[in-house]
Structure formats: structure tokens, C-alpha cells
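Labels run A, B, C and D following the written order; every chain starts at residue 1.
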Amino acid sequence: MKQIQRIGVYTSGGDAPGMNAAIRAVVRTALYNNIKVTGIYRGYEGMIEGDFKEMVSRSVSSILQKGGTILKSARCPEFRTPEGRKKAYDNVKEAGIDALVAIGGDGTFTGADIFSKEYDIPVMCIPGTIDNDLYGSDYTLGFDTANNTVIDAIDKIKDTAASHNRLFFVEVMGRDSGCIALNAGVAGGAEAILLPEKDTAIDELIDMLETAKDQNKTSMIVIVAEGDKNGGAYHVAQRVNEKFDYFDTKVSILGHLQRGGSPSSFDRVLATRMGYFAVNELLKGNRSATVGIRGSKIISTTLEEALRGKEFKLDEELVTISQVMNI
Amino acid sequence: MKQIQRIGVYTSGGDAPGMNAAIRAVVRTALYNNIKVTGIYRGYEGMIEGDFKEMVSRSVSSILQKGGTILKSARCPEFRTPEGRKKAYDNVKEAGIDALVAIGGDGTFTGADIFSKEYDIPVMCIPGTIDNDLYGSDYTLGFDTANNTVIDAIDKIKDTAASHNRLFFVEVMGRDSGCIALNAGVAGGAEAILLPEKDTAIDELIDMLETAKDQNKTSMIVIVAEGDKNGGAYHVAQRVNEKFDYFDTKVSILGHLQRGGSPSSFDRVLATRMGYFAVNELLKGNRSATVGIRGSKIISTTLEEALRGKEFKLDEELVTISQVMNI
Amino acid sequence: MKQIQRIGVYTSGGDAPGMNAAIRAVVRTALYNNIKVTGIYRGYEGMIEGDFKEMVSRSVSSILQKGGTILKSARCPEFRTPEGRKKAYDNVKEAGIDALVAIGGDGTFTGADIFSKEYDIPVMCIPGTIDNDLYGSDYTLGFDTANNTVIDAIDKIKDTAASHNRLFFVEVMGRDSGCIALNAGVAGGAEAILLPEKDTAIDELIDMLETAKDQNKTSMIVIVAEGDKNGGAYHVAQRVNEKFDYFDTKVSILGHLQRGGSPSSFDRVLATRMGYFAVNELLKGNRSATVGIRGSKIISTTLEEALRGKEFKLDEELVTISQVMNI
Amino acid sequence: MKQIQRIGVYTSGGDAPGMNAAIRAVVRTALYNNIKVTGIYRGYEGMIEGDFKEMVSRSVSSILQKGGTILKSARCPEFRTPEGRKKAYDNVKEAGIDALVAIGGDGTFTGADIFSKEYDIPVMCIPGTIDNDLYGSDYTLGFDTANNTVIDAIDKIKDTAASHNRLFFVEVMGRDSGCIALNAGVAGGAEAILLPEKDTAIDELIDMLETAKDQNKTSMIVIVAEGDKNGGAYHVAQRVNEKFDYFDTKVSILGHLQRGGSPSSFDRVLATRMGYFAVNELLKGNRSATVGIRGSKIISTTLEEALRGKEFKLDEELVTISQVMNI
């Protein structure tokens, strides 16, 4: 096995708080082990275009606390073609990169897997997405920060519940995953949570609101994951209003602000540990894996298993708990 | 002039951060001057229903830092009728209340003015609304906090501008007043700001976006006041998209979270000074006025002038500055 | 086994963010299961004095997001005497309490253990302390929030590193446990971390600062756990200064603000799950255990094991990582 | 009068949140008016060493929300000598700079005044210091942000007041100015505030604490400005403890974190307006002045008056209010 001399690191797909902390950890761990690092900008797009930059220790100064990704990110259809990957490989080879660390989600990992096999280049994948929907890790980078952002919004809305009969719908991110909706809903004390994984009929929701009304609740918060089958918060609010207009409904759509913000302590430490681990795995000869956290241990899962695997992350017990808390 | 022996304090209309700080200041200043205080719940509704509570120093402990209003708030059509006001007066009289402090917006002040004249009861009004659209004060309670809430959201969205060609529309409060949109837009470094007071055509906005595109700006933020004449952020986004789809548009609707949150230092100090001033004015014999801040001085304006007056608060120079900053 | 009909819940020892969320979960889970709940104020002191209050669902409204503990807390030497515990038992019995949930740290658990054995009353203990130094749980309530508070302070200090040659010492909580210092130090990107568990000589620290000076670092942050063997941050700063005055030293002592603040999403969800679990364990007949989280699972450990056990929580690898990150 | 073609901008002295926003406004307003801008690094030190950089619009992208100053800051004794200023002038002249904008405090303005007269170069000064102790402006940049930072700390400490008999001393910045202590003390609801401008004897403080004890207050917060005549918070705590040990005293020293943090909306808007105004004044021929805000108007004061003037900023009425609020 050839000794690794230069690692290429990139971020791809939707950005998430903690990506910068992971980049920093990869760069510094590599340098500590006398391995050089190339920063690849804009993910696979930059790989194809050769948008590379030498990373020294100072390159990652003061990025630990920053949201977003200094390496930027992009979607890149061209990388799905053999021609695109060929161009990428030529650049990677010319730059002397002999191993990769990819930070991103499902699509990022799939690209890394194909590329790694095609050109026999080792790759480690770090799960960076606020949705917490990747196989092989209890938590993905950015999930904790996004939850804190959402509860901050919910807390503020709760403050304004001074007036009677207010029904607030708060739409949070999660096209296929209800993780943020469920966690932030429990943490924020929401009265109801609509999840993409569950089919909550509008009638069921209205029943619940009727009960709440009978209990003399003066204001209520319903969290709606954007991927909820009833449509977004606006549609749900409208449909509820048609049948049940006791409450004055108000809608907040948090949108992309959930992807931003300075990462939480949890995400920064997780990102740092994952970046450190990824480089050390490469040094130990691991050629194709994702990094994850299980309990308090950082572990690796083969990319094969990770991409094939389907992990249903929605904590069913937490769904029950969310209901018990609304007694 | 009869010596005031008991003040009634209430909040009415939309709530705003800083209302609790004002209540606390009214209660403690009155007690300091050996005047008793009755808390009137739910504004005019509670006045009509006699929903009163004796306020002692402890009643307002630990509320300085809280959003919302411990006295709650409600809209009350009945108070617009002579019969409603008669009921209210009977309760006020029975409770021994011989002066009022009202905290709220335009509607609150109008009610206070009529009631005060009708039953010859002195009233001081404290401007509490995030919209900053009241006559007689440079700032209303809650405006500063709301601006900080909005820029926190904008800052987070800016973090996620790692991907190319993103156009973010952020809808902020302000049905008739663009104060929050303009201030937070300047503070957040928005590329464009749509205000209810200005007629910005969609074409004009697109021209601006074209220029930005030509300058290779990779992401942009447009603030839309909810009262903008083009409709809310969703409509604007849609209409822009129809004609100009270079950017990938994303929408955030902040909604009622802008009314909440722990008040800023500015709002707490302002509320405390205003509450202190209101009680002292009553003691000096002022019978009908609003409290305001002009420069660093707390002042009073007769209710007559305040209600008749129209203060165009939108700072035209700040509109110009917002454009210059986008060179 | 007698069916449980009334649970007593209390907080004791130093308070921690998330305690209120745990109280809420205990109350609502019990009510959901048709069990009554008595709130015991001021921990063992209130138990001895019979300072009890019936808890209904509304008693725990709007406390999920609040720091501190609505049940208050106190140290209570009297409870260490059989006489004290006898008084407590008489009150508990009279109130019809037939099971307890204790929220706190080591001392709280020891008291619960003795009391439980002495009077054969089932007890479940929930770990609430920012120090993360309890056996049987990866995380204690409040630890995550405290870390976020500390990194917020570090981030702010980093902003001011515009001037040359600044050396900041930041003292954080942890008399015997360096968990906060280590985690927040890594999350904040501190240049050095002094831990109670490690004997870092001043000379070693100075060597490190010399290196940093040679690397042209213009400002540095050293985290000092309050229990560090060199004395607090002031002493360390003074002793460093005596030998090495290249840097202009500045000291921050965060103190008790680390115990406060609205709990993070992580702490709220953890508290909610732990409270729910504690009541359910009591229902299943568990008579003497602590609640903990291992990985993503909530588990119980017998009080016997928990009190005998010594868990060295300091993550040695994280110590290594903290050094690698400063290359 | 020669047309200005290039402005040099610099920050000097202690940094303050909002300095970056002011730099951005200066740069963009100048560019908008077809004036070039040179960024002068490290204040007068960089001026003497010729540490200059061309500023284009992109140079100030994404700095609006950042604490600190991208131009860095330094103290520079050499600038107090004619030789130092001669070197500085040679660099300034060579770079084609024909006007200056200085951002900082008293020392910065004095340097600017001397230099401006000596070499007949126009200069506008923007007040940037968290202490709010400059003549000619109701508010200096950073003061509002610093107050928000301090109340956030106080709010957190208040959360932990669950235990009995706690007396918290919180030391805040202000060597000669009690502005932060007073404002944040009122906004945080502190029970006592020790100011550099007032001679509060320890005995007086103890009297107050005795009263509070008698009123059954269970915890109290005393704000101590670092420049208080009794010495810092540690000394005050010690001296109080010697005579009165009813309370368990705890000390927090906030230190330099008060200088950092993302600027508040208020500071960003103020900085933007001041930067815009400064450049426009230079264009109108103003050759030597400070920028300030009076009420809601941005104004200028001649440097002569500003440096001679002594503005006692401590709001005596606010001192009274702080006492009334503690009834």
C-alpha cells in the first residue's frame, strides 16, 4: 500500500453548520501527520474544473465557529457521467492527491463511492446535513445546531401567546426526514407535530385542536415538516381553517435560516472528532467508508453498507413522548 | 386636583418585547410613591369584565427579561361602544383606580383617549409595538428587539450562501410600516428591500437582480415587508421567477417570532424609563398624554396631538444608504 | 407490589439547565398514567419541612425552556441525620407519596439511596449537573447548554483579537471535572486547556506559549477549569506573566452564568426522555436506580452500582485532538 | 479646494462591535462617489509602516455582521513623535491618500487631530468604543452590543438563583465610565450598581444588602464597573464578606468578551449611517470633525470642540431609576 502524501477535502450538497469545523480538523490532522492537503472548491464541480487550493494550518484559522463552508458547495450533474469523472480524476492526479475526504450527504457519498472504485482512490465520507437522515451515525453534522435554531424560534413565538386563541403553524426543514420536526417539536413543547413519515390526516389534527380548545388552551403551536404529506404549513393552516376557525392561525416558514448559524458546541466537537478520525482511518488503510458516531464512539461503516443501508431514524418512542407531554 | 391613590395598568393590542419591563417600572415607581397599583388583565376586555389583580413589588419580579406581557392582551370591540366603556368605568371606579397607564399601539391610545375624556380619568400611554409607527417617539418598545431578531435570521441565511445563484426572500413584519424591513435590511446587508411605503415594481427588482448577476454576485437577499404592495414574499418570489429564473429562489416567512424574544437592553432601558416617566407625569398632574423618546430625552405629547399627528417614520436617507451600500 | 399512586419529585444540589424540562416530563408522564404528583420544594430541606405542592399539568406549563428549577434547590445537612430523614418520611407518608424522582448530582443520589433503603420507598434518580461527572450516563442534564454558553464567550473573545499579543485566560466551571473545559476548549478552538485531572505545570504552558509566539500567533486563548491545580485563571495568569510577559494577559471568569440560560435542544430532549423513562421504570417496579443515556438509548443503572462506580469521563482522545488542532 | 481622490480608513485603540460595519460604509460610500479607498492596517502603526491595502467593494463583503475589525488595531507610541508622524505622512502621501477616516476613541481622535493639522489633511473621526464616553454623540459604536452581552450574562445568572442566599457580583467593563454598568444594570434588574463616577462605600452597600435580606430577597446581583473605586468585583466581594456573611457570594468577571460578538442591529445601522456621513462630510469640505448621533440625527462636531469637551454621560436620572426599581 502506497503511503498517502496528499489528501483532497471537499464539501458537497446542501451545506450544514459544522462543515467548516470538519474541514479544519481534516486539514490540521493531516498536517500533523505530515500529509499535505488540497482544498477542492465547490465539490465535484470544482474537482472537474480543477478549482484547488493548497491548505495550510492558517487556511483554516477562525473557521471553527462559522456556519456554511469555506470550500463552498455545488450540485454537479456532470460528475454523474464517466467523462466528468475522468476530468475530475485527471485534476486529482495532477495535483498529487492520493486520498479524499468528502463532507456531505447521500448524493455526495454516492459520488465518492463510484469515483473511489473507478479510480481506486481511498475516500472517507463525513456526514454533514441538518436532516440527520444518513445511515451509520446517530447524528449528522448540523442537526444539533438546526434544532437549536428551531427551538429559538418556537420559544419566541410562545412569548407572543398573550392573546387568545392563537394557532401557530411553524414549518421546519425535512423533505423526507421528520427528525428536526420531531426533536425540535419535543424540545419546543409543540402541541402537534406533522411528519413526512406519518400520515396525519387534517381531521385528526382538528380533533386534537378541539380537545385543546376544550382544555381551555389559549394558544397552540403545530410544527410542520416541509415534506409533510398535507403540503407545507400554509396549506395545512388553510385546510384547518376551512373546517375549524376557532383559532386565529398564524404561519412561520423558517426556511434556509435553519441551515446557517454558528455551529453548536455539540456539532463542533463532533465535526472535529470526525475529521480527526477520517484522516487517521485513511492512514490506517481504510479505503472506503463513512464516519459516524454511535453512542460516544466515533466509528466507520463501509461505504457499501452505508449506501445500501436504510436507517429509519425517526424515534417512535419520541413520537409517543411528544403526545404524552401534551396531556 | 385629587391626589392619585391607585393606578391601573394594562397592555392592549399586539404584544411587543419590553411591555413587561414597562409594567414593572409602572408598578415599582407607583409603589415607591406610595400609590397602589391594579393590574388590569387582557386590556379593555379585562377592564369590562373586572379582571383585576393587586400588583405588589413581587408581582413584577423576574419579568424584566421576558417577552410578551404578563397582563395579557386582547382585542375588544365592546369597548368601542358606550355601554362597554360604562361597564369598564364601573369596574375601574369600584376598584378605586383613579388613573391609568395604557401600553400598546394606536388602537390602545384611541380607546384610552375616549375613555379618559368620557369619564375624566387621567391616562398616560406608553408606545409598545414592534412596528415603530407611532407619533411622538423616535422609538416604540419592541422595535429594537424585533430588528435584532430579524438580523439574526438574515445572518444565518447568509451563512448558507455557499451554493451558487441563490436568491432569498425574507418576509418581515410591517403591514403599513416599513421600519423593520428598512432597518433590519440595512443592518443585515440585504441587496434589496421592498417597503409598503414605496412602490417597487417587480421589473425594477429584476433589473437590480440582473445587475447583481452581471457583478457575479452568487447569492442575494431581498427583504419584503408583509405589507409590500406586490404581495408577500411568496408572491414576489413567484413573480420574479416567472420572468427571471437565473437564481434558485428560497423563501422565509418569519412571522410572529418577531414579536417575541427577551427584550434587548435598549428596549428594557427604554421601557423602564418610560414607565417611570408615565407615573411621574400622572403625579405632576398630566392627564392625557403619550410618552416618547426624542434623542436621549423622555418626553410627553398630548394625546390629542399624538392621535391627530401623522409621523412618517421611514428614514428616506436610510433608503438611499441601503442602495449606496450595494454598490 | 403496591400500585404507585403518588410520586414526589424534587431537585437538589446545584441547579442545571434542563431540570425544569425533567420536572415537566415527570409530572406529565405520571398524570398520563393516572398517578398524582407532589412537587417537593427546595430538595431535602423542603421534604423535612413539608414544603409540598400538588402538581397538575398546568403547574409545568411554559417551564420547558426555562433555566433553573421551579422547585428550587437547597443544601440540607439535616437530611444526613436519621432524625432529619424521619421528619422527611413523616411528611412524605402523610402526603401519600409512595415513590420519588430525584433530580440532581452525587449528593442528591446518595441521600435518595439512604432514604429509599431506610423507608423502603422506590426512587429513580435523574442526573442533573453541568459537570457531566456522574456514573451511568454519557451526558448529564445541563452539560450541553453549559458548553454552548462557554463557546459563546470564547467566540466573542476571539472577535477582539484584533490587537497584537493578547493572551486570554478564561476560567470555566469544573472543580473536579474537566469535562466543560475540555469540550468547550475543543469547540472554541482554545490554544491550551488546563484540567483538574491533568497536572499541567506552568512551565509547560509557557513552553507552549513560546512556540505559539514563534509561530507568530497574535492572540491566544487558554481555558482554565476552576479546579485546575495551578489555582484559578487569575493565579495562572499571574504566574505566567512573571516568567513570560510577551503577551498582554486578560482574564475572564465566567462563574455562575454557566449554570443558567435556556436549555439547549439537546438538554430539553434528554430531560424529557429521562423524566418519561423514570416514571415508567417506577411503574415497572424499578425501586432504586439512576437514569442515563448510553448512545441513543435511555437506560437505568442500579443506585448501588451508580454510587460505587467511578466513571472517568475525561475523553483522553479528545485531549490528544485538542493538541493536534493547534498545529 | 482640491477634489478628494483617495480616502484612507483605519481603526485604532480598543476594538468595538460595529467597527467593521463602519469600515464597510466608508468604503462603499467612497466608491459610490468614485473615490478610491486605502485600508490602513493596525491604525497608526500601519500608517508608519505603510501597511496599506486597496479596498474594493468585495473587500468589505460579509463583514457587516462581524465583531472586531478587519483592519486590525494597535497602540502606537511612535505616532506621538514628530518623526513617527513624518514617516506616516510620507506613506500616506505616496499612496495618494488625500483624506482620512479614523474609527476609534479619544486617543485615536487626538492623533488624528494633530496629524491633520500638521500635514493639512482632512480627517473625519467615527466614535468606536463600547464605553460610550466620547463627546459629541449620544451613542458610540459598540455600546449597545456590549450592553446586550452583559444582560445576557445577568439573565443567565438570574436563572440560577434557585438556591437561597446567593449574592452575585458581576464585573463589567468601564475604567472611567460607568455607562455599561448603569445601563446593563438597569436592563438586567441588578439590585445594586457600583460606578466609577460614584463613591459607593462598602458600608452603604452592606446596608442595602441588609435591607434586601430583611425583605426576604433570596438572591441578589451587584454590578461592579471595573473602574469602581472599591477595586474590582473580587475585592468588593471579599470586603463585603468580611462584614456580612449572610449571603454566599459568587463572582463573575466578564472581561473582554464584552468587546466582541456580532454587532446589534442598532450598532450596525449607526455604524453604516456614520460611515456614510463621514465620507459625505469630506466631500462637502469638512476638514476636521467627529461624527455623532443626537436624537435620530447624525451630526458633526469640530475636532477642536470634541477633544476639549467633557461630556458627563452618566444619566443621573437613570441612577435614581435604578434605585426606585429596587423597591
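The criterion applied here is as follows: a contact is a pair of C-beta atoms (placed from the backbone, for glycine too) under 8 Å apart; a residue touches a chain by one contact, two chains touch by 3 or more.
Only a predicted model underlies this, so the values are computations on that prediction, with no experimental measurement involved.
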Trace the shortest sequence of touching chains from subunit A to subunit D and report its length in steps. 2
Centre-to-centre distance between subunit D and subunit B (centres being mean Cα positions), rounded to whole Å: 28
Counting only Cα atoms for the centres, state how far subunit C is from subunit D in Å. 36
How many angstrom lie between the centres of subunit B and subunit C, each centre taken as the mean Cα position? 39
Contacts with 2+ other chains: residues of subunit C: 155, 158
So the complete set of touching chain pairs is A-B, A-C, B-D, C-D
Spell out the part of subunit B that touches subunit D in their complex, as residue ranges. 24-25, 28-29, 31-32, 57, 62, 64-65, 138, 144, 147-148, 150-151, 155, 158, 183-184, 186-189, 262, 264-266, 268-269, 272-273, 276, 294-296, 315, 317-318, 321, 324-327
What does subunit D use to touch subunit C in their complex? 11, 14-15, 17, 42, 66-69, 72-75, 149, 153, 155-164, 166, 168, 234, 250-261
